[in-house]
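My questions will all concern the structure given below.
Letters A, B and C name the chains as they come in the text, with residue numbers starting at 1 for each one.
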Amino acid sequence: MIEFTCPSCGEHYRVSDDLAGKRAKCKECGDVLEVPMPAADDADEYAVAGPSAPAAVGSAPPTAGQPSPAAPGPAKTAPAVPPSDEVLQGATDHFAYEINQRPDFALVSVKLQPGQKVFAEPSAMASMSPSVHLKAGFKGGLGKTLGRALGGESLIINTFTAQDGPGEVTFAAGSPGDVTYYRLTGNTLYLQRGAFMLHSEGVELSGKWQGAKGFFSGEGLVLLKASGNGDIFFNSYGAILQVDVTDRYIVDTGYIVAFEDTLQYRVTILPGLRAGGKLKTLFFGGEGLVCQFSGQGKVWIQTRHVPSFLSWVNPFRRTKSR
Amino acid sequence: MQYEILSRPAASVAKLTLEAGESVTCEVGAMIAMSTGFDVQTTTRNKGGGGGIVKGLKRMFAGENLFLNHFTATQPNQTLIIGPGLLGDVIHYPMRGGTLVVQGSSWLASATGIDIDATWQGLGKALFSGEGMFWVKCSGSGDLFLNSFGAIYPVDVTGEYVVDTGHIVAFEDTLQFRIGKAGKSLIGSFLGGEGLVCKFSGQGRLYCQSHNPPSFGKLLGPKLKPR
Amino acid sequence: MEAEIRNKPSFANIHVKLAPGERIIAEADAMASMSSTVNMQTKWSGGVVRGILRRLFGSESMFVNVFSTDSQGELVLTQPFPGDIECIELKGNTLYLQPGAFLACESGVKLGLGWAGIRMFIAREGLFRLKVSGTGRVWFGAYGGIFQREISDEYVVDSGHLVAYEPSIRVRIGMAGGIFSSFFSGEGLVTKVRGPGRIYMQSRSFGGLAAWTNAHLY
């Protein structure tokens, strides 16, 4: 059976499969419509267009012009995760938080009671109440900060503390994308460089890097290590997909945001993925570096790739005058 | 092959599930994550069995360090997640005969049964070589995946419709088209910021995208470190 | 004139339906597509001298396009960057927009240049702010999602995240923290707003995007 609605008036129809592709007149409004193909999945790709897609006439492919725009997230299965644009909120031992404007321009709002504090990446603050005091500083001592420098994060960690009264700080990453909250309970989370955003007291950050190969391959696998007991927020370029690995899984290194330490990982080159021969890529795309995960644990993947973005924007940069 | 489009509408990816023997072709760099039961080939031309005929690949990727990957599942129920380079949406387009002309950077992947011809220059080579634009003619039957910068909206052309050239994703080749100026006078349209536009006429479906990459690049570029 | 903002907030664009006699005025580069029954005319915005000033210092280009039709027509207006669009109906009131935020308006809306003061220039937001007043709808947009805040006392906003504000809001530039912290934190100078009134903020900043991109370039 094929189920569809008239793109002009929204009248609902259910017809047998052999009418697929046939043109008919809507009983309700009289407009000519075309019965779509039976594959249920086809409906989604036109749903994105919004209500004004009229029925096609002529040799066009089937148009199941859905009157309402597609909802974000997976199409058919009942989502086990909340819709990707849902506002996420929570309250921890350290502060209350809210993540808005998801999944493409996520903004974290941290609400602090007097004396509470949050530690943030430089330049992440978008707005704050005047009762919040900002202090730039080096956290963790020199050894740890050196490690953090090699991990790609800057040496500076900013501390925001609510002083004279309760206050609120909103934080935004530089890249368009989502933010995920994670609670550390004595375990360790590995984060890709650039993904770290905020953490609470009780969390220790240190740099870890995958040796020379990882370091000189651009994104490679230059990692930060977050451990302890507390809250951490990390951001992505693009949307975030959470994958629960149960056996083995392969992820291109440029798309890894974070993963739990219960997973084993190995960075390899998948020969079939390499862009062949003597290509010299300026921004390390296409060299086929992947991370093979095994074991049980979560890995967070982002849906866009920094080197591709850099390659695209490169021609628009001004050239240095000699 | 089953598919699911995730993370809509601005950072969309296609999650494909393939049975043993099924295969899909996409450009190198599109692979995000995959299960382990795949045979992966890199090629500049079709080796047969990895999808339809591909013509004009050198032109397609002239100046770009891109090749094609053919993914063939060697076991049942293998998943592959692919995505485009820029922010934007992904749609599935089921081809059933007929021909679709696709803007080069909007072609994401195609499965067996679709022929790709990148030598097509119907819209005029000279006009687009500066912008790095090329066009890919897709024909045959099978699953085709397109991406956009921005949201995709279809327009069913019945009279005449005008699109700024950077906003064209794909169109059915039943449509006629010509390149022209947007406003009534040359000076007006040049200064007015709308460069060249494409005027479609006839009958057929046209897919447009709400945003265009060069406008974004021109705004961001000057704020970056010079190269 | 029917106008619908679609695909908020990530790639917001405006689908407009014009009837004979109706006009919509839009930023120079804003047209994505339109039916051939729509006429497009280019005009200088706000006079020659102001237009040049804006070109040199602000990010509004000198020109606007006026769209009209003799029969009926549709058009799609968009921004150069991904992000959100908001629509405000002005009823004789005024709103201040940051440079680059203006997208389109109806004919009864007046566009003017306001001097944001030398301190705004130091904050690299441009010397000017755009003043919109009169009657009718005005559409503005930003990189990122747009959200509102009602300000009663004082609030601190990173300058790149402020899109628009009502004239009752007083605006000044200050430091994010002490001298050392303001510099080393990366936060630098901020905009301190004092109410009562409403401000519109964006959840990303173009400067933040450029900085993030630059961190990956060499």
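The criterion applied here is as follows: a residue touches a chain if its C-beta (ideal position, glycine included) is under 8 Å from a C-beta of that chain, and two chains touch if they have at least 3 such contacts.
All values derive from a computational prediction rather than experimental measurement.
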Query raised in the report: If you average the Cα atoms per chain, which one ends up farthest from chain A?
Result: C
Query - Innermost chain by mean C-alpha position - result: A
Query raised in the report: Just how far, in Å, is the C-alpha centre of chain C from the one of chain A?
Result: 27
Query raised in the report: So, what's the distance in Å between the C-alpha centres of chain B and chain A?
Result: 23
Query - Intercentroid distance (Cα basis), chain C paired with chain B, Å - result: 31
Query - Junction residues of chain A - those touching two or more other chains - result: 50, 52, 104, 176, 309, 313, 317
**Report entry** For chain B, residues that touch 2 or more chains besides their own
**Finding:** 9-10, 87, 89, 151, 153, 218, 220, 224-225, 227
Query raised in the report: What are the residues of chain C that contact at least two other chains?
Result: 6-7, 10, 15, 82, 209, 213, 217
Query raised in the report: Mind pulling up the chain C residues that touch chain A in the complex?
Result: 6-7, 9-10, 15, 82-84, 144-145, 147, 149, 153-158, 161, 176-178, 180-187, 192, 201-205, 208-209, 211-213, 215-217
**Report entry** Residues of chain A defined as touching chain C within the complex
**Finding:** 50, 52, 69, 100-101, 104-107, 122-123, 125-130, 133-136, 154, 156, 158, 172-176, 194, 306, 309-310, 313, 317
Report summary line: Touching chain B in the complex, chain A uses residues 37, 39, 41-42, 44-46, 48-50, 52-61, 63, 70, 72-76, 84, 103-104, 176-178, 238-239, 241, 243, 248-252, 255, 270-276, 279-281, 285-286, 292, 301-305, 307-309, 311-320
Query - Residue ranges of chain C in contact with chain B within the complex - result: 6-7, 10-13, 15, 27-42, 61-63, 65, 76, 78-82, 206-207, 209-210, 213-214, 217
Report summary line: chain B contacts chain C in the complex at 9-10, 87-89, 150-151, 153, 155, 159-164, 167, 182-184, 188-189, 191-194, 199, 208-212, 215-216, 218-220, 223-225, 227
